[in-house]
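Each structure below appears as C-alpha cells.
What follows is chain A paired twice: with chain B in the first complex and chain C in the second.
Take a look at the complex of A and B:
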C-alpha cells in the first residue's frame, strides 16, 4: 500500500507541473488548445536529440535547461500565431482546431525523425534505487519529483508574490481593464506562453527519463492536466495542484483495482463528466460567450 | 485497377463522413471531433453482427442504428456544452472510445482487432466493391439533398442563426439539434460498417482522433461550397497525399507525410480565413 501511495505521489508531482503549465496559459486567455500535447513530447525529444548519447548529472541538467528553452521558444511562436487570428465569437474554436492541426504536424514530424516506438532516456540509470519504509523509488523518479515540485513552487511564487505575477493575474481577471490602464498585454501574453510551454517541455524531459514517450503521447499527458485544472475551478495554482492530486489518486486507485490500462479511460470519463456537469468549466465567474 | 478502385472507395467513404459532419456543423454551428468514434461503433457492430450470422445489408443497418443510438445517448450530455467546450468534450469522448476499444478485449479483441470479417456477398473484385460504395454514397447524397429542402433543415438553420428567438417561438431546439447529431452519426455508422467488410479486418487504430481531424479538414476545406466542393476537398485530402507513396524511399513515411500535409492545409486555411474575416470586420 505504501508503494502504491509513493507511485501516486510521483505521478501527482509530474501531473501538477503539466497542469500548472496548462493553467497559466488557460487562465488569462480562457481558450482551450492542444499546444501542450505537442510541446511536452517535443521537450522530451529535444533532450534526447541534444543529449541522448550521454548520461550523468551534467547531461541531465543541460537537457532540462535546453528542453525548457526550446519548448518556451516554441510556445512564443505558437502564441504569436494565435494572436494573429484576431477576435470574434468563434476565435476560441478556431484556436482549438489550429492547435490540433499543429499537434498533428508535430506528432508526425517526430514520428518521422524518431520513429513511433516508445523512447526512454535513462540518464541516471547507473544510480542506485532509493529504498525507505518499504517504498522503493529509482533515483530518476526522486529527481523528477523534486524538479517538478521545485518548478511548481517557483511558478506559484512568481504568480502569487511577485509584481510580475500580480500584473499577470490582473490580466487574467480583466484583460480589457488591464489594457486600458496601460499594461502591455501582448508582452504579458508572450511571457505566459513562454513560461507555460517551458514547464510543459520540462515535464516532457522528466517523463522521458522514467516511463518514456512516443510521438502520439501528447493527449495522454494533456487530458489529465486539463481535468485537474477544470476540477479545481481554474482559479489558483494551489487549486490546480489539489486537482492534480485528485486525478493522480483516481488513476492510482483505478490501476490498483482494474489494471493500469484503464487509468486513462477513467480520466477521460471524469473530464467528460465535468464538462457535462459544468458546461463552461468550473470557473466561478465564467461569462465568456460560447 | 485495384489501386484506383481502392482510392475511389477511400475518397467515397471520407466524402460520406464529411457530408454527415458538414450537415451537423452547418446546421448547429458546433464542431464534433468524435465522428471517427461513431464510425468505429458502426464497424464493430457490423463485424460482431456478421460473426453472429447476419447478412451484409442488415449489418449496415445494425452499424447505422448502433451509432445512432450511441449518438442520441451522448447528445443528451454533449449539448450541455457549447463552442470550444463542446469540441473538447467530443475530443474527450473520442479518446475514451479509442481507449475502450483498445482495452475491452472481451468485446473488441483489444489492439489485435477483429479479423476474417466476411466480405459483401455476391460482390467480387475491386470494381464491384467500388460500385457498391458508389451506390451507398449516392443514396446518402440523395438523402441529404432531400433533407436540405426539408422544414427540419430550415428550422435548424434558423436555430443556428438565433436560437433564443426560435426557443421563444416554441421550438424544442435541443431535440432538433440532437436529431441532427444522431443522423450525422448514423452516416458514420454506415461508413464504418462498409469499411469493416471492405478491409475484412478492423482494429482501434483505424478510428482515432487523427481520423476525426481528417474528416473535419475536408469540411473546412470545402468551406460553404456545394456537394462538388465537398467531393473536391475529399479528393484533395485523401487522394492527393496518396501520391506521396510514389516518392523514392518515402514509402514507410507516407502515412506521416500525408497527415502533415492535411494538418498543414487545415492550419493554413483556418489562419488565413479567420485573419481575413477579422481584418474585414475591423475595417
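Take a look at the complex of A and C:
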C-alpha cells in the first residue's frame, strides 16, 4: 500500500506540473489549443537530441534548461501566430483548427526524425534506487518529483506573490479592463505562453527520463492535465494542484484494482463527464443549459 | 483654446454602425452628460475611443489644439483618459489592494488620502477582501478609484449609477460631481435626472445621432432642462 501511495505521489507531481502548464495558458485565453499537447514531447526530444548521448548530472541539468527554453520559444512563436489570427466570435474555433494542424505537423516531424518507438533517456540510470519504509523509487523518480514540485512552487510564487503575477491574474480575470487600465496585454500574453510551454517542455524531459515518450504521446499527457484543470474550475494554481492530486489518485487506484490498461479510461470518462455537466469546470457557474 | 474636440466619429460592431457622425467637445473641467435610451450609442462611443468597438470614420481628434493621428488615438486614450465601463469594472478575483496596484501602480499608497477624499474611505477599509465580494456602491467607488491615474485628465464613465440603490446612487453621483471640479468628466446615463442641474453640458443621443446639445446646462432650471431634452429626443427621427 505504501508503494502505491508513493507511485501515486510521483505521478501527482508530474501531473501537477503538466496541469499548471496548461492552466497558465488556458486561464487568461479560455481557448483550447491542441499544439500544447505537442510541447511536452518536443521538450523530451529536444533533450534527447541535444544531450541524449551523455548521462550524468551535468547533462541532465543542461537538458532541463535547454528543453525548457526550447519549449518556451515554441510557445512564444505559437502565441505570436495565434495573435495574428482573426475569426471574431469564432476565434476559439479558428485557433483550435490551426493548433490541430500545427500539432499534426509537429508530430510527423518528430516521427520522421526520431521514429515511432518509445524513447527513454536514462540519464541517471547509474544511480542507486532510493529505498525507505517499504517504498522503492529510482533516483530518477526522486529527482523528477523534486524538480516538478520546485517548478510548481516557483510558478505559484510568481502567480500569487509577484507584481508580474498580479498583473497576469488581472489579465486573466478581466482582459478588457486590463487593457483599459494600461496593462501591456501583449507582453503579458507572451509571458504566459513562454511560462506555460516552458513548464510543459520541462515535464517532457522529466517523463523521458523515466517512462519515455513517443511522438504520439502528446494527448495522453495532456488529457489528465486538462481534467485536473477543469476539476479545479480553472481558478487558481492551488486548485489545479488539488485537481492533479485527484486525477493521480484515481489513476493509481484504478491501475492497482483493475490493471493499468484502465487508468487512462477512467480519466477520459471523468473528462467527458465534466465537459457534459460543467464545460468550464466543476466550480464554474456555466452549465450546458446556460 | 479647446481642450478636447472629437468630430465626425462613426462607430459600431462588425459591419453594423451604431454611432453616426458624432461630434463632441469637452471643457478642461466640468461634467458633460451623455443621455439617451439603451442602444442609442453611448457605450459604443466609449468602446470606440478605447479600441473595443470598430471605428468606421473619425474626421479629427484634437487635444489642446494638437491633432492626434488616427494610428495613435487608442494609445492616447489609454494614456490620458480614465474609463469606467458599465459592467465588469473591477478585477473581481483580485483583492482591493491588488486592484489598486494593477491600475495605479505602487504609488496609490502615497495617494491614498487623496483617493479616499474623492471616492470615500469605504473600499479602502476592505483592502484585503476580493473586489468581487464588495457591495455595489463599494465596487463603483473602487472602479472610480482605478480610473484616477494622475496623468489622466479626462474621465469617461459609462452608466455609473446602474444597479445602485438610492443611497449609493446619491453617494456615487456626489463623487462624480467632485471629480468634475478637477477633470473633464463625460458621463453616459440613460436616467439623467440625477445629474440634471449638476451637468455643465448635456448631449442627447437617439439611435446613434445627436438629438440636442445643451451648453451651459447649469444655468437652466431643472424642469426646463428635462423638458427640452425629452422634447428633442421625442422629435428626433
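To be clear about the criterion, the second predicted complex is superposed on the first by the 279 of 290 C-alpha atoms of A that agree within 3 Å, B and C clash if a C-alpha of one lies under 4 Å from a C-alpha of the other, contacts with A are read in each partner's own complex, and residues count from 1 in each chain.
We adopt the following convention: a contact is a pair of C-beta atoms (placed from the backbone, for glycine too) under 8 Å apart; a residue touches a chain by one contact, two chains touch by 3 or more.
Since the structure is predicted, the reported quantities are computational estimates derived from the model, not experimental observations.
Applying the stated clash criterion after superposition on chain A shows that chain B and chain C can sit side by side. The superposed model places chain B and chain C at 90 degrees from each other around the C-alpha centre of chain A, with the value given to the nearest 10.
Judged by the touch definition given at the top, the superposed model places A:1 against neither chain B nor chain C.
When the two complexes are overlaid on their common chain A, residue A:88 makes contact with chain B and with chain C alike. When both complexes are overlaid on chain A, the residue A:105 reaches chain B alone and has no touch with chain C. By the document's definition of touching, of the two partners only chain B reaches A:223; chain C does not.
Residue contacts after overlaying the shared chain place A:271 against chain B, while chain C stays out of touching range. Of the two partner chains placed by superposition, only chain B is touched by A:261; chain C is not.
Of the two partner chains, neither chain B nor chain C is touched by A:133.
Judged by the touch definition given at the top, the superposed model places A:53 against neither chain B nor chain C. Touched residues of chain A were counted for both chain B and chain C, and B has more of them.
By the touch criterion stated above, A:170 is placed in contact with chain C alone, chain B being left untouched. After the two structures are overlaid on chain A, the closest C-alpha atoms of chain B and chain C sit 5 Å apart. When both complexes are aligned on chain A by C-alpha atoms, chain A residues 88 touch chain B in the first and chain C in the second. Remark: chain A residues 88, 163, 166-167, 169-170, 172-174, 176-183, 235 touch chain C in the complex.
Across the interface of their complex, chain A is touched by residues 31, 33, 77-78, 80-89, 91-93, 95-96, 99-100, 102-103, 209-210, 213, 216-217, 220, 253, 256-257, 259-260, 262-264, 266-267, 270-271, 274-275, 277-279, 281-282 of chain B. Within the complex, the chain A residues that touch chain B are 31-32, 81, 84-88, 90-98, 100-102, 104-105, 107-109, 111-112, 219, 223, 226, 261-262, 264-265, 268-269, 271-272, 275-276, 279-281, 289-290. Every residue of chain C that touches chain A in the complex is listed here, in rising order: 14, 50-52, 78-79, 83, 85, 88-94, 98-99, 101-103, 146-147, 149.
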